[in-house]
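You will see two complexes here that share chain A, one where it goes with chain B and one where it goes with chain C.
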Partner chain A sequence: MAHKMVTPADAQIIQDDIGLPTISRGQRFVHHTITQNLLLRPVHLLGVVIVVAVTLLAFFGPVIAPHNPVIPDYTAMLAGPSANHLFGTDPIGYDIFSRILAGARLSLGTAVSVLAIALVIGLPLGALSGMAGGWIDEVVMRVTDMFLAFPALILALAIAAALGPGLVSAAIALSMAFWPWYARLLRGQVLSLKNMDYVQAATIIGTRPVGLMWRHILPNALSPIIVELSMDVGYAVLATASLSFIGLGAQPPSPEWGAMIVAGRDYLRTAWWTEAFPGIALTLTVLGFNLTGDGLRDALDPRAAHIR
Partner chain B sequence: MIRFVVRRLAFLVLVLLGISLITFVLSHIVPADPVRLYAGPRATPATIRLIRHQLGFDQPLPQQYLLYLSNLLHGNFGYSLESHRAVSADLYDYLPATIELTLAAVVFILVVGIPLGVLSAVLPGSIVDQVGRVIATTGVALPAFWLGLMAQLVFFDLLGWLPAGGRLNESANPPPHITGLYTVDSLVSGQFATFGQSLFHLLLPAVVLGYGSLAVLTRQIRASMLDVMGQDYVRTARGKGMPRRIIVIRHALRNALVPATTVMGLQIGYLLGGALLVEDVFSWPGIGRYATLATLTLDYNAIMAVTIVAALMYGLVNLVVDLLYVVIDPRIVY
Partner chain C sequence: MISSCGTRQRLTRALSIVGVAGLLAGSTMLSPLGVSAQHSGWVTSHPAAFVDQGTVTMVTDGSAADLDPASEELASSDNIDRNIGNTLVDLKGSSVGQVVPSLAQSWTITNGGKRYIFNLRHGVYFHTGHLMTSADVVYSLTRTIKAGLTNSYLLTRFISNPAKQIRAVGKYRVEIDLSRPQQFLLLALADSYVCMILDSKALKAHAKGNDYGHAYATSHDLGTGPYRIQSWQHNQQVTLVRFPRYWGGWSGPHFSKVVVQTVPESSSRRELLERGQADLTFDLTPQDYRAMQHNSRLQVSSPYGTEVDYIQFDDYGKLKNPAARQALSYAFDYNALLNGVMKGFARRATGPYPHVLLGYNPHGFTYQTNLSKAKALFARAGIKAGATLTMDEYPSTDLDAAGLILQAQLSQIGIKLQIKQMTEATYNGILYGTEGPSGRPDLMPFGWWPDFNDPYDMAVPLVASWSAGANGANGGYYKDSRVDSLLKQMETARRSVLVNDAHELQNIVTQKDPAALWLVEPAQTTVLQRKLKGYVFNPLELQTYNFYTMHH
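Showing the complex of A and B:
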């Protein structure tokens, strides 16, 4: 029997007809994941809370900041944490709290861009490699091997140095370190799903490879990719901050958290708050995404022999 | 077995060719003209043309690549704009420091991580387990450079227990150059004061560098141990009355070490990348610091050389890791 997703329009018809609420399979799955796994365990809930908070900050940070992040307060330069300046001020007089709120957008936004580029490059290559097999597979795998042969940060350093300073070059450089993982991941999934009965049945009735990919393989292959993505956001934030620390990503006086840390280096001894708070922000963000990723992995892959 | 090693080495060569291609492409998308940079600001156009011809930059790209490749194979990485000498000479000076730091980090990770992982699995819920879990969670989230700065703040500025940077005290003389690793050299030549000093200076950077990978390894060992100890053969051994300690060490750990070795091999990559950050924070004169300084002065030859060397080291380490499997698990035959 042909199976199609229950659309909202259908749901409305059914609801009108029998008076029972109907949601699609996908909606029920997401609902179950969220309530049963993500929200149930306090550790994962903490992760989700942090992720939501940081995302909100990324969108609304500059708006809710008490002080303007790029206008210095000359009455309180290099001042410690106080009621007026929650996290203190830096040598120029910028309010650190406001800069952290504003920097969320830069740090998180760059991380998301990195992964977006990595997905755009990695997923099609992985799908192609898995579906086509043969020499295409060999070539793609050797190319991923070449990229994976470099330690990630060093590859990113080389590319970012060639492209010039700035967050855009850093994003491109970092995506080169992340895409091979997604290509390999999807290829592995495609290879194992290709032999599933329903895929072979679809092939027999004449489904074209693209249709196979889109309707049968991809939806089932996405779970590990989503888990990987959620953890990688944290690592991409760290990597962006690391590149900024070296001097290749965001340049001071950008409120990107890594750039804030390198800018305050000289004042580590006398004004610890210039260094401490951006680092705490970074750590909490990465922690949040890691915990969320753990929760998603527990939720989406119940057969995995993982240990909590 | 020999065939396996040969095949892997051939594969490594292939990967290195690919690496050289990537770095060659990178060095040619640089926006600045390397010849102009090399010639300096006061060179005349005639001089620039001469240098361009000498360095082979006026040849078609494929020929340039072959020239580049043959240079690499002869160990010629070009000249450093900053230090005005061959990059290979710079590498010779700075590589041992990075090797020492990375080795120290690996020692730290193994010495702390394996027992922590094992005890965490064997005594779940105990204080050791809690500590292990905290380390596992914080280790992957803490930025290495921030951890280094905070560690400097606490252990040097506040407590005064450990030095803030460098491989030796300011006025100290390095030991005679045998391996380039100060700890080994000073020990071998009997300079025990220098040995103590170098250890002191090595401690904080190695711990900071290794902390993230320690978290990963601890987690991996704990997971593998729990997995293995739930197996039937372990239950059989318990049923036979084997002492717990022997089971843990001889049976469980041995099997748990196989995936842990894989993880450790991968972590070397992160250690090499982390060296960029940690060497910067602690003013450790290794190739990581050399590379970060080179990015500030746009010294591309230096950056590319460090990239290639790092990839080479990573590749060799993973080859060794693959060979280690045979030692750890005799069932594995190549």
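Showing the complex of A and C:
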């Protein structure tokens, strides 16, 4: 199919006529739909409330915890829920309520770190791949294929095992499993957007590739990335807990939720609270981020919204 | 050996001449002083009515990995070997010092206790179909020494030149010549795992190079025991079925099939017991034991064995100064572990020797928790607030908790204990590995029990300098010249000297130059269906079960 030739003069007109006004209208639309989807739908609102609560706990949890989360009470080992220990104590006498509060920061902080590292690696590679094309695209995509060939958790498990146990290792390992998704996502967006008229126009007026990417493509490619991020926070929290559960994540006495669950594993029959409360905290957090992610997807991805 | 299913140590069991002779009076006589003694063996049982009891199912957290008695070191492997194999002599019931005939029907000790002549039982068949003769006994014991595998130490203590010292004297007679009287040889030969007699024809036929058939024996049933392996799904299940030609006969009630299932989760094992889908298990939590004691369909047996659990110190680096190790011993909260975690299913260990072992000193030095004293001792050792110590650990109810308790205690005096958790296999790889002391953590928790009732046997792998690193279980490269001298003396000492030496050794490795933070002797708790009869506990044969004696 023949492409219509765009002259520099046309390009400037397109920039003036299409570029900024379109984005501005889009922003208003986005704000409206975010409000509509996140705050007015009860299910999504529940997600937002949970996310806000967990985030607040991540900041203030250790301050409001009634007991020191890493100092055990030997006189109350495996004590059931009571006024003194709201969620009971674990086999060593740690107060489970205090540890859940303190653990919010660890769980959420690790998840955010995982995604930050994944973005730092994935986005530049995705952008490079999409913009450059040719053999660079081939190489980058084959590398991502290699990473994607392994189930994410198995890959993370192998990397964490090689790096040695610890939350930092877990974060690095999980980010290695996450970055290819962002690279592919952005590459797809770049391939789609770089043929848009306004991008072509910017190219013709001499905008350099980096500027083109930064000013014209990335802002319009952000929506799916934000949706993906919001969905992945919950998964990263869960994956971090999974690595801790098998001993490759948080190490004692870190009050990470997965580590707390494994600490109480042998006592499920005799002290249910050691497993139940960290499990509920983990479930609610993952649920909250998933619901919020759903809402954002509905808001930012009109096609998905129509399907619903 | 490990507390919860792990590797197990074997060596000796100690008994003095007088003690052994006394215990064996009337049946087995043993005298290292050269008194000739003879035992006339059991009357061979004649087949009567076999009462088939069906299947007995054991659920355990470990899996058999290696069946070769010359190399295997897991209690879960021992458990299979104990049922598919036999030794020349056996420990009698719950006794730690009395032996009874097994493949050897009788024996004579002459030449001042230096020569042992074993008269073998006739008509014993291996599961391979071959008839057992003296050639099999000679080859089995010889290969254990010559192959130089993990468990060779048990026999090298007694026999340095097997080709010369172990001889067949006729088809059913074996002679062992020792260079000096050895009061513990019989007890060592009763070790139901290392000294198992294998089919020499099969070993030789499948030998590769100089491996003495090790590769083949690792995964093949070459024993004479009451059960043979029917199937083995690694890490899942081992199925044993009765061996009809078993020399002990099948008269009376016996199980015809034994199923040993691997169920790692303790809560799942408890569930299976309570639902009646399994007949016995061990290594549950103290809370589980307490709850199950109230179940009328179950019986909870909690005798004490010879296991001692401890946290070994790295004798180099930060803990080189004994004051630092004494500080750790004072910092630990023993009551929290005994009462809070173990709920009475353990008693305090005061050194490497458990209560039932020869050499145990009931009046030995015992640490009392004292954080102020610990802080002062740390300061004396140059360890100040803010210092970090490291510890590796694997899943185990009491050792896990001990690490966390120590961590919390140390944090109160400003010292950080960094705990790294890993699988048991990884941990064993470090403990028994070739890594030098500088590459090891400062603290390594473990559990140990001896091969037989001998304080030398218990202590050598843990605290002898020649057992450091890959040469034993001295994972902290502990080295104290006084301890080494004592051990050399104990190797051949008479009872009175042996006991005194053991007391002195206990004093050094506990108080003067601590080798470990000696924690507890855990009760060896087994949960069985109440209808299951015939379970006999022996304090030395831990985490293994003789299914031949059991029935409903």
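Everything below uses one rule, namely that the second predicted complex is superposed on the first by the 268 of 308 C-alpha atoms of A that agree within 3 Å, B and C clash if a C-alpha of one lies under 4 Å from a C-alpha of the other, contacts with A are read in each partner's own complex, and residues count from 1 in each chain.
Note that contacts are C-beta pairs under 8 Å (C-beta built on N, C-alpha and C of every residue); 3 or more make two chains touch, one makes a residue touch a chain.
Here the structure is a predicted model, which is why all the values come from computation and not from measurement.
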item	value
Chain B versus chain C as contact partner of A:P151, first or second or both or neither	first
If touched residues of chain A are counted for chain B and for chain C, the larger one	B
Which superposed partner A:V54 touches (first chain B, second chain C, both, neither)	neither
Chain B versus chain C as contact partner of A:G247, first or second or both or neither	both
Which of chain B and chain C A:L268 touches, first, second, both or neither	both
Touched partner set for A:T283, first chain B, second chain C, both or neither	first
Touched partner set for A:G164, first chain B, second chain C, both or neither	both
First, second, both or neither for A:Y74, with chain B first and chain C second	second
Touched partner set for A:R142, first chain B, second chain C, both or neither	first
Where chain A meets both chain C and chain B, residue numbers	164, 247, 265, 268-269
Touch list for chain B against partner chain A, complex	14-16, 18-19, 21-23, 26-27, 29-31, 137-138, 140-146, 149-150, 152-153, 157, 222-223, 226-227, 268-270, 272-274, 276-277, 280, 291-292, 294-296, 298, 300, 303-304, 306-307, 310-311, 314-315
Chain A residues within the chain C interface of the complex	70-72, 74-75, 77-78, 91-93, 164-166, 247, 251-253, 265-271
Footprint of chain B on chain A - complex, ascending	142-143, 145-147, 149-155, 157-164, 234, 238, 241-242, 245-248, 258, 261, 265, 268-269, 272, 275-276, 278-279, 282-284, 286-287, 290-291, 305-307
Touching residues (chain side chain C, partner chain A) in the complex	265-267, 270-271, 284-285, 287-288, 290-291, 333, 335-336, 340-341, 397, 401, 403-405, 407-408, 411-412, 418-423
